[in-house]
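For reference, the structure discussed in these notes is given below.
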Amino acid sequence: MSATTIASPGYARRAAFRRLVGQEALLAVAIIGLAIVVGLINPRFLATRNLSDLLLGNAYIAIAAIGMSMVIISGNIDISVGALIGVLATISGSLAVAGAPIVIAWVVPILVGVAVMAAQGAIVAYLRIPSIVVTLGMLSILKGGLISVTGGKWITDLPQDFHLADLSLFGVPMPVIIMVLATVLAALWMRNSPSGRAIYATGGNPEAARLCGVNPQRTVLMVFALHGLFAGIASLVYATQLRVIQSTTPQGLELTIITAAVVGGVSILGGVGTVVGSTLAAILIAEITSALVFINVSPYWTDALRGALILATVIADILRRQRRAAQGWKR
Amino acid sequence: MSLGVETRAFRVSPWLKRHETLLALILLIALVGLGAFNDRFLTIDNLLDQGRFISEIGLIALPMTFIIITGGIDLSVGAIVGLCAIMLGYSWKNFGFPLPLAIAFALAVGALAGFVNGLVITRVKVPPLIMTIATLALYRGLAEGISQARSVRGYPEWFYFLGQGSVFGVPTQLLVLIVLIVIAGIALDRTTFGRTLYAIGANETAARFSALPVDRVKLIVYTLSGLASGLAAWVLVSRVTTTRMDMGAGYELDVIAAVVLGGASIFGGSGTIWGTVIGLVMIQLLKNGLALTGVKGDATIVVIGVALILSVLIASSLERRRD
Amino acid sequence: MSAALKTDPAPVRAVPLLEVREIEKTFPGVRALSGVSFDVRAGEVHALLGENGAGKSTLIKIVSGVYEPDAGSMLVDGTTVQFSAPDDARRAGVATIYQELLLFPELSVAENIFLGHAPQAGAGRIDWRAMRAKAQHLLDSLEIDDLVPDQIVGALTVGNRQRVEILRALSHDARILIMDEPTAALTESDVTRLFDVVRRLKRRGVGIVYISHRLDEIFAIADRVTVLRDGAYVGSRDVGDTNAAELVQMMVGRRIDNLFPKTTAPIGAPVLEARDLVRRPLTKGVSLTVRAGEIVGLAGLVGSGRSELAQTLFGMTPAESGEIRLNGEVVRIDSPGAARARGLAYVPEDRAAQGLVRRMSVLHNFSLAALGALSHAGFIDRASERRMAQEGVKRFSVKTSSVDEIAGRLSGGNQQKIVLGKWLANNPKLLILDEPTRGIDVGAKAEIHRLMSQLAGEGVAILMISSELPEVLGMSDRVLVMREGRLVGEFDRAQATSEAVGAAMMGETSSAGRAA
């Protein structure tokens, strides 16, 4: 460590700024840049209808990615969320069709989501079972459970007032409002509350967190419960924009959500990231998917592209950490 | 100064023996119980038939045992099965490869896919869990993109021998699996390769300081995992006669459940092939037994999920009590 | 922080801020502390001096509530206290800056300072403005003008990160600050600035326990110094009344000579010749020679680069430049496997983490480094493996119920014998021993020393790293001294006195040694 690397205040502020805003700014530029490029190739891409469909149809992914970001920041992973959203959507739709009050059909899935995730969080935090094992098991329980209970029957004839996602406020569709609101609230909470900061501490350095009076176990439990909350909200947005609920688990949804969280700047080794980034990343991924159609690339390449995106982000993140470690963080 | 170091030593082999005995016992009870419920269950025909269904998962479970013993994991196996199945069908149909060459090509693609996992895990030091989640997405996506979700069928008759034929009444793929089980079991138990796997899982640093080729061995096991997934794809395509890009979806669950149920610690350092085989048989008999007693197919994966979580819970609580 | 602006020296009070009396602490198989007493007064820097394993770390862990003592008492402001968790110590005003800084690289300076006790603005919200202001106030109180509260800690230098930890301690109103080798990773200018901070804290009446190996630092900053050796209290001195020679003497002591049954062996041709080995950051151009039958002691303080040099020779961290010759032939060693193939063996420093696979049996540990020799076409010859382990157990008198016992259950000395034994199975030409007798009992120590003499007699070249000066002096034919990544002294057996070697280790110019 030579004297030249000693941070001057100006340098330090810039560095801090870069770290905090870097990934978000990059994503915003990518979203706009891609829109311009694809728009030049095919102007129909920029049609209001297409852009709003794009946001509407993917808001639930961004909402679920908020909770996923928290889980990853705390040093864990969850691969059951896709199946959970499928189950919750089915519960919601079934309640609505069965004639339950609409509010019940809206609220029950959220509560169930919190309960399921909190249960997983408790097993991870207090029984010290790796989150991958717990959520892999839960994935199959939810997936198998759903199909064997419903027999894969589609839910149709949903009551008209069930469709929360069709509402809009001042011309802004409800899914977008919920997405923005959830992102902003979660970002503020994570940034400004002691328990929000505790997530970063737990993921970054659990031992040190304990010495600072943070309870890593309670933090992990809380993170999973919140993840359940966001998964519940996501399922609500998802279910209420469908005319027909297929009562199956959406294929590969968990991967899309994890990709959004990781590409949004959440370090896969825990401890860094913001939910603003994950929401922007969810939008970017949706935009890429849609853009493929407009530039005449088969949509079947979407998943490969998503896989390449997550792989590149992860490798870049690890290399960045190693570079920093070489510069003396770990000595 | 490392004076107060925890003494987390525990007897590995007696515990494993206990665990395996316990498993075998449960297996026996389950067999008898299911047999009592349904007279079709304990017939030779049914059991051999189950052997057919076990093979694809079983082939992948062997290298997965190696990987979990090193403390790693491979979630991309199901995706590699899909990719290899597509490569087999696609190269035969679209590149005009002769079928044997297409098979070899698919196996090579599987090995390459596993090799890429191993390479990034050992060189870039990406944690295995993360790396294989990423390649799970990538490999499945490639299968989808290359095939454009079109399936391939109409293979020549001889191709079905592996997946549907039998030798002296035993399903062909079951024979292949048995041979490979014996080889894997011997490799794990008797060779320097096997010993190195345990050493890596129990203390990777000490393994390096003992001049063991840690990175090379890791690279080998992930490559083997890809290769075995390719083999499983071949068996699967031959059994079901078509190639589809969603083949092998969810295999990682069954494979990992079999290995963990068989007593391998998810934290690395312990596990045996024999345990994995028992875990594998248990899962399949559970599935089959439940199906015969009228439980619908999809409910069985619920049981596997519960079994996975419970077996890790029980194993880790036993481990903690011993400490 | 009302005391922040106080600049006149605090009056020395009669009652010490912190006092420990007759502390005892035993870990399984190791007596870490026996009857240690120690106190620190307000406005004083009290240095704690001792070699590795002397018990300094255990003592500070007791004072900071990580360990509970087996016997003895602890007083804060004259009142008996009992710490059962780090939190208890913190509430009593004790803060510890460990060598491993416990910071969160992704969080800002202010957040790191106030993590766990951030100022709140009601409704569980963090009051960022107050937090920044308080952090700035702390920075100002120590006149630190090149850090700002919003900086991300991960981007800071080690020295600046350390100051963030000090600020964190102050934010808890710590009155007793324990610093565990705070300068180990600092540059010269960072050390100067650290001392500046320490002096300011002193003036504020903070009592500081300062742990260091570096005598010059102790003379520069401390008021009193207490020396520990082998877990026991040796003595305390006012810094003004003592000198380096006396302190070194107290630290290394004099022990019975026959504990080190060094027999002279005929010294043969060079086995290892290294020229200008460089491996950043801690091997900066090292040249050395070890001959057959010769035991070369490598002395140096922790952080001087001894183990790093050993690991470079052994191929764990291959050299970036320089040349290694073995038996006169230039070789390239880029992995431990290559090193082993060339007849090198390395018994690493940290037995639990690097040497032994604790969960494996004695049998499997013994064969781990010799699997190649024990196998045919990859198959382990299990009969020879068992035979080898049983012979090893007998030869090194490892006390174990059977070779199938789990290695982690044996005592430290027996574990060390296994680590040594597994390498000797390869019949190495060059044996590198890194702290071969750390933390093991006297009997096992003597046995390992006897074995070293015997191996040297058989013509093995031995490079021994040790923090115990009597061991280095007793066992070596030649002593090399390393400091800050370079060899700074070389002594023949006759020249190697504890004063001369100790002085070279501490970085004082010595008349007895000649520059290497």
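All chains are identified by letter, namely A, B and C, in their written order; residue positions are counted from 1 within each chain.
Everything below uses one rule, namely that a contact is a pair of C-beta atoms (placed from the backbone, for glycine too) under 8 Å apart; a residue touches a chain by one contact, two chains touch by 3 or more.
As the structure is a computational prediction, the values presented were derived from the model and not from experiment.
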Farthest from subunit A in C-alpha centre terms, which chain would that be? C
When A-B and B-C are ranked by contacting C-beta pairs, first place goes to A-B
Taking the mean of the CA coordinates per chain, how far is subunit B from subunit C in Å? 45
Could you tell me the distance, in whole angstrom, between the mean C-alpha positions of subunit A and subunit B? 30
Listed in rising order, subunit A residues that touch 2 or more other chains are none
Residues of subunit C engaged with two or more neighbouring chains: none
So in the complex, the part of subunit A that touches subunit B is made up of which residues? 77, 79, 123, 127-130, 132-134, 136-141, 143-145, 147-148, 151, 251-252, 255, 258-259, 268-269, 298, 300-308, 310-311, 314-315, 318-319, 322
Can you name the residues of subunit B that touch subunit A in the complex? 73, 75, 120, 124-127, 129-131, 133-142, 144-145, 147-149, 246, 249-250, 252-253, 256-257, 260, 266-267, 295-296, 298-306, 308-309, 312-313, 316-317
Under the touch definition given earlier, write down the residues of subunit C that touch subunit B in their complex. 27-28, 30, 32, 52-53, 56-58, 61, 67, 316, 335-337, 339-340, 346, 348, 350, 352-361, 364, 367-369, 371-372, 375, 378-380, 382, 404, 406-409, 422, 439
For the complex, give me every residue of subunit A touching subunit C. 1-3, 5-9, 12-13, 15-16, 19-20, 192-195, 197, 200-201, 204-205, 207-209, 211-214, 271-272, 324, 328-329, 331
Once bound in the complex, which stretches of subunit B touch subunit C? 1-5, 7-13, 190-193, 195-196, 198-199, 202-203, 205-213, 269-270
